[in-house]
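Two complexes are shown next, each including chain A; its partner changes from chain B in the first to chain C in the second.
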Partner chain A sequence: MFNLLKRLVSKKNSTKEKGELLGSDIQRNLDRIKEIFINANDIVIRAFRVGSYRKIKASIVFIDGLVDTGALNEHIIKPLVSDIRLTQPNLWLTNKQIFRLAKEQVLSVGNLQEVESLEDVVSRILSGNIVLFLDGIPTAFTSSLQGWEARGIEEPETEAVVRGPREGFTETLRTNTAQLRRKIKSPNLKFEIIKVGRETQTDVCVTYIKGIANDKVVEEVRRRIKSIDTDSILESGYIEQFIEDGPFSIFPTVGNSEKPDVVGGKLLEGRVGIITDGTPFVLTVPFLFIEAFQVSEDYYSRPYYSTLVRWFRFIAFFFSIFSPSIYVALTTFHQEMIPTPLLVTMAASKEGTPFPALVEAIVMGVIFEILREAGVRLPRPVGQAVSIVGAMVIGEAAVSAGLIGAPMVIVIAITAISSFVVPVISDAGAVMRLFLVIMSGFLGQFGLMLGVTGILTHMVSLRSFGAPYLSPVAPTTISDLKDLFIRAPWWAMTTRPRVIGWKDPIRQGFRLMPEPPDDDEND
Partner chain B sequence: MKRWLALVLIVMVTMTTCGCWSRRELDTLGVVMGMGIDRAKEDGKISLTIQILKPAEAKKGTTGEGVWTITSSGYTVFDAFRNATMQSERELFLSHNKVIVIGEELARAGIAPLVDFLDRAHEPRRLSYFVIAKGEAKDIILAEHEQESIPAKAIENMIKLYGDTSMAASVNLHEFLKMLASKTTDPIASRIELIGAEGMEREEDSQKRLRLTGAAAFLSDKLVGWLNRSETRGFNWIVGKVKSGIIVVKSPIDESQYVSIEIIRASSKIIPEIQDGKVSVTVKINQEGNFKEQMSNVNLTQPELFSSLERRQAEVIRNEIDAVLQKAQKEWGADIFGFGEAVRREFPKVWKGLEERWHDEFQNVEVRVQVDAKLRRTGVISTPAKSR
Partner chain C sequence: MLEDGKITCRQIIYLIFLSRIIITFTYLPISDTPPRNQDVWISELLSFPVHMLLVLPVYILSQRFKGCSIIQASEIIFGKIGKIIGAMYTWFFLHMTAIVLRQFGEFLSSVPYPETPIIVFISSITLFAAFALRNGLEVISRVGEIVTPIVIGSIVLVVALVAKDMDLKVLKPVLEGGFIPVLYGGFIVATRTTEILFISMLLPYLNRRKLAKRVILVSFILLTILAPIITISVLATFGVQQTLNRTFPFFSTIRIISVANFLERIDALHLGIWVLGVFVKVAIYYYLTVLGAAQVLNLKDYRSIIIPIGTIIISLSILIADSQLQLREFISYKYSLWYALFFILALPLFMLIVSALRGKGMDLK
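And now, the complex of A and B:
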């Protein structure tokens, strides 16, 4: 069934006409373009003539709104229409001569390329380039004079920092690559464009640092991206789902970030970035579980506090996953594990509440998720109102009405707050939480352990572009413990993560710890 | 496909072979806080008195209202326990039981049959304190406590505080069962009584109250007699369970006045010896005390007086130990100190011949007591306020 479908799709691909070349006759070329762009009213074909004595037909084709018209007038049309006559006033020029003249002396743009196939022409036009046809020449000029309304560089809301750069990626691919290039001024930083999406023709840019990134991983990324055969790529999430290792896993095996410093840091560790035109979210692979706990600010703050905060993140993650299930397991199966005074308090608040603890946990969990979703989607002022209502209803009314026990509200509140601490895997966390709460609701701690074992087994077997998902914990890499449960000072982070940057493992010199000069020298 | 099958099998096996459990909500549980076992009026039956938690009231903390009490009877402990559920609307839950009180009469008849259920069932916690009531256990369980809304908890706290005087035995179910299981060591348990305070003005203040009054000694599984408070401390000295407490001695200068010395550190060592087939035991006590109070008006903080106080201190300790040895060893022949265990550990080969006749041997064992008592600090003043 699937094979048949596959065959059909591949057949369709191979029949796609390829490589129709441009002709010498400008009218024919323009007719072909008009034919292709029929009913697309944003296409502009501006015809004029070039030359002084013998005027040659010329046409510029571009899409209105994607092109910086000021630059187009100033640097393409004006030179061709008038300047060429001033520089070469009395010459009887052939088409070829005009072509050369235009290329070498007239067109004052930095980025000028020649294209020969019709397909290229069309894709250039669609990308916002201008294409210039000259009569009698089977080659067209193209120049990227893209200029469209775009969002400026802002601080991303999802990854706000106290200390660290506040710039974020934008929706424009070029701006993004430029931001990365400004961070890493090395010729080894490569950007490779692959066009993906039959209809959208989205530019997808694979970026890596040659010499640091593993060539096989780069090749694998290229292969996976090239094998995507879809009509559209509107966001990097599309690509993520087409290239990830565990398509059925609840864990992300592809990382993303909105910040050039984060992506830059990952590239320097040997990862490969995937920038998608039209979204500020840049993907990075391989993605390890531990990356969810490593925040860019860890590396900018001093190590003690970073380590402490990282531990808080671990604890918060533990809370967010386990607290409802542990609560349910303890109160419904293992009452003997609760200290007696706590049992008294918990039993007192359970007194007279109508639902089993499991139902309470699930209902509260669902209500919380709904409130969160409502708060995110609604316009900000309304969102606040929603959270106030939610807090009032859940926190106060449900308890005083005797619908829900107060400890459960506290447990859910802890869970909710904790789940925001590690946002990268908070969606996986929500699934795990529900799964575990049901397991422990039916089987107690035994079920909880069963669930945890299942999840751990899955995580251990998971890989992201060849890197074991749980490394450097499993398999353990001693040298990588420096950036796992602690964040070692920078002078001690001598090597790159082993499973990712093994190609060139040494990041910096040894013995970089700052210290005062020897006393002898002072004397 | 095979993998999925394996997965399904694994899940099924783990679900069906994990023992028993059941899902119980907190509000369906009658949490038992304390239980008392007595001989029932009917022949051959035992009666069980159970203190059950009332969570909402217990949380409010109103005195004596945190629990309610039911009694039931049956041929066995478990029988009586299940019969009790006919009075309770909730399933009784034993894991938070704080104290097990056994009536004197039943204890004298033999305790082994009673503890089997507590040993065998998975719910009862082995950390519950094991207490013998002088009188009926029912009265102890029914007694209220002024401050603690859960009386069983009050008993637990009292036993936990035993170290302030070291004049009560602190034995939990686990320790008791261990002693019971030992071939030579005889068990000991806490002793509790209801004692009325005399001469109180208000009537409610002179009502009978719970009080720890020493220890109950067993021979094998039968209660043989009671240890009073100072004898109990003698016992605690030997087994090294003295935590703190006050030693009252006469002042070396003024014999009519007392000095109190606070025990701050104490340890003991039981050293068995065998000479010519005769077993003897040396009990070494190391104790340190702080000079905490004197009633006489003299300055006692001088080195020579200190050593005199130390001697008197050691004398008190020795007397306490002698008293308990006299009772347990000579009168009852109950090896509550674990001397037999000490001999076994030290002379495992000789022990094989000794084990069977240990209880006869025990009464003839010579026990030497060596007390090393030290006095350390004098408190924040050296001379009394009134020094004329």
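And now, the complex of A and C:
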């Protein structure tokens, strides 16, 4: 215990030691860097000399593979060793003069910064910048000539659309910020970088639109991200779990998307985005439950169809959560509710099956989850085999062998299909489904509704960065119902969601409905 | 503050409305009250002015002691002795919770689950209500905000679906027994509205206090519109005698719904909606009990007494009556009228007079 404390204290001290500055002696600086990067064989230290009469030592340090070597040769090394202003014969230049010349006239890169502390130098090198040392100068140049192999911009598989932009985020932070910037060409779109992870030193970028986003939420996001003290951030899921409001809740309180248009739309509603380097999934907060049902395409298609599809999504969600439990409740407790002809058929098909409906529902639910997991993980060709086996075994054999009643198979099939319609909360859905099946297995409709009240209570008690989770419904905001059960046409979407974008609630003019020109003007 | 949540105007309206109407969704308490004929729905209409009169003392009291519930106000007026009044109100809420639970359990254990002991229903719904209480007033009122539109919608739906079985002729002759019994009925209907006390308990947590008048008006207007609709639909479906004899009139009405030989026997749906509504009613009365107890005992946090009070409520709801008939006897107007009137009208009036005489109130906050 005491040792642990000691280690914690010493770790704190070591992170605080930012003070070490570069010296003017280049050899000493390079030795320090070599010492830090010992046994890291991807580090490259290229030494050369600058100047003609007085040749001073210079070195470039970078990590092989993270740097665009073509640009490095062309814009850094070549000018330094061959530029006429530095190499004309018998020119006597002091170290300082060379430094200034290089900075102002020779180095032909757009992004050139000066750093003075060793800590900064190391972190720049690690994030793919090159660092240039000149002898006799206690300052180093750094330039971001990052160039590594990266995936191109592709359409994300999880959020495919029929109508709408097809580009998705990539693993590179800079590409992602550029994609957002291309959507929102406003100086108010801010990107703030915070480094998280002691070992991984991952760049995490908080993005928001100043003037629209709530400053308190932005500050809270910053605070929560800064307070993460972990060794690694490999995916935005790590951050999600460190900053979410309901850590024990089954519901997600942080949203994510792979598409710039989706994230851009959310930023414009006043949300805050969190881009993590190394993953295409961008988090958005605050996340409301209703966002699970709002798909980007809703806003690109015409309103009637969008509204209809949104209703289908609600219905599918309802089916995916409730259909097994309703079936169990009906067949176990409330047989009188089933229409008589159907009841006779169902009784006939259940004849001879050994298990009660509750057990059937749980067994089938588990089998379905296993099949789904197998289908996701297995390589494509094998996946087909799994689905055939699943369909054969569960659809046909289990029924004809008399293990499971045929109606249950239908119920589980409806549940399975429906649960794919609203993918965002399908994981929460699986837990709710199990809970409700057990409740209704014990107490029928009463148990089912009791479970619903429990879930409702939990959901209304959730908050995501200050916004009530069920926001436009409870507490009710009349003006936000335009984007809840219906999707109003764009000319009617005058205001931003109130719990999120209250800082600048009006997003567009009021009388935008397209109409034919007045007759007077025509005359 | 014991409770640091704030609730909106709409949430209080929904709580008062839902809590008053939800028992009617199964039972029909009006069938016990005079005039006991086809004119009961007029009584319900007439209850509106009586409601307005009854609410006055409580409302004035809560305006006089801004930010104080009636329990805290009694302590300001009477000092230590005021605790007794506070304890009486806590008892009243406790008793109301127990009665609602018992009514709920009686229905469940007599119609849909005749073989399950009543304690299962009472204790399980109390447990879930306790979970809601842990999360505070905001959560209860938000659940109410979700449930109330569902309840209103299903009342309207049920009335629309039984419309073809209705015979409005049974409502004639109007005012058969004269006007006075009908007015008396209106008075009794209004005294059943123990939700008037919500105004004194919940107004301190209203986010915009200026809307207090609107809360009172809108909630009672809503009640005055929907309660007669339920009564008329039941009366017109079954006729007067049948209605008066039935234990669960509105439930029976739902049972006879039959549309196109397909949409029929939807009583499990009724059960579901009723559970949702009763859950909110139980939760809010239970909450007021706990809040009242915490205010009387000067606790800093009410969460520690949720479970103890819950167990008291469960046992009380079993103990208050030996049978359904006994329960019905108690909650019929003969006893409950004076019991409720004492808490709604007499005590607040008394407190108001004393506070006026002793000159307390206005300058306090």
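Everything that follows uses one rule, which is that the second predicted complex is superposed on the first by the 501 of 523 C-alpha atoms of A that agree within 3 Å, B and C clash if a C-alpha of one lies under 4 Å from a C-alpha of the other, contacts with A are read in each partner's own complex, and residues count from 1 in each chain.
Methods note: contacts are C-beta pairs under 8 Å (C-beta built on N, C-alpha and C of every residue); 3 or more make two chains touch, one makes a residue touch a chain.
Computed from a predicted structure; not experimentally measured.
When the two complexes are overlaid on chain A, chain B and chain C occupy overlapping space and clash.
When the shared chain is aligned, chain C comes close enough to touch A:V460, but chain B does not. In the superposition on chain A, A:L126 makes contact with neither chain B nor chain C.
With both structures placed on the common chain, the touch criterion links A:K350 to chain B but leaves chain C unconnected.
Once chain A of one complex is fitted onto chain A of the other, the partner contacts of A:F333 extend to both chain B and chain C.
When both complexes are overlaid on chain A, the residue A:V309 reaches neither chain B nor chain C. Looking at the shared chain after the overlay, A:L470 reaches chain C, while chain B stays out of its contact range. Once chain A of one complex is fitted onto chain A of the other, the partner contacts of A:V81 are absent, as it touches neither chain B nor chain C. In the superposition on chain A, A:F446 makes contact with both chain B and chain C. Taken together, the two structures place residues 333, 336, 443-444, 446, 450 of chain A in contact with chain B in one case and with chain C in the other. Interface residues of chain C facing chain A in the complex, by the touch rule stated above, are 8, 10-11, 108, 112-113, 116, 120-121, 124-125, 128, 131-132, 135-136, 138-139, 142-143, 145-147, 262, 264-268, 271-272, 275-276, 279. Contacts from chain A toward chain B in the complex involve residues 331-333, 335-336, 340, 343-348, 350-353, 356-357, 441-444, 446, 450. Here chain A touches chain C in the complex through residues 329-330, 333-334, 336-337, 339, 443-450, 452-454, 456-458, 460-461, 468, 470, 473-476, going by the rule given at the top.
Against chain A, in their complex, chain B makes its touches with residues 11, 14-15, 18, 21-27, 29, 31, 53, 55-56, 58-59, 66, 93, 95-96, 98, 123, 125, 150, 153.
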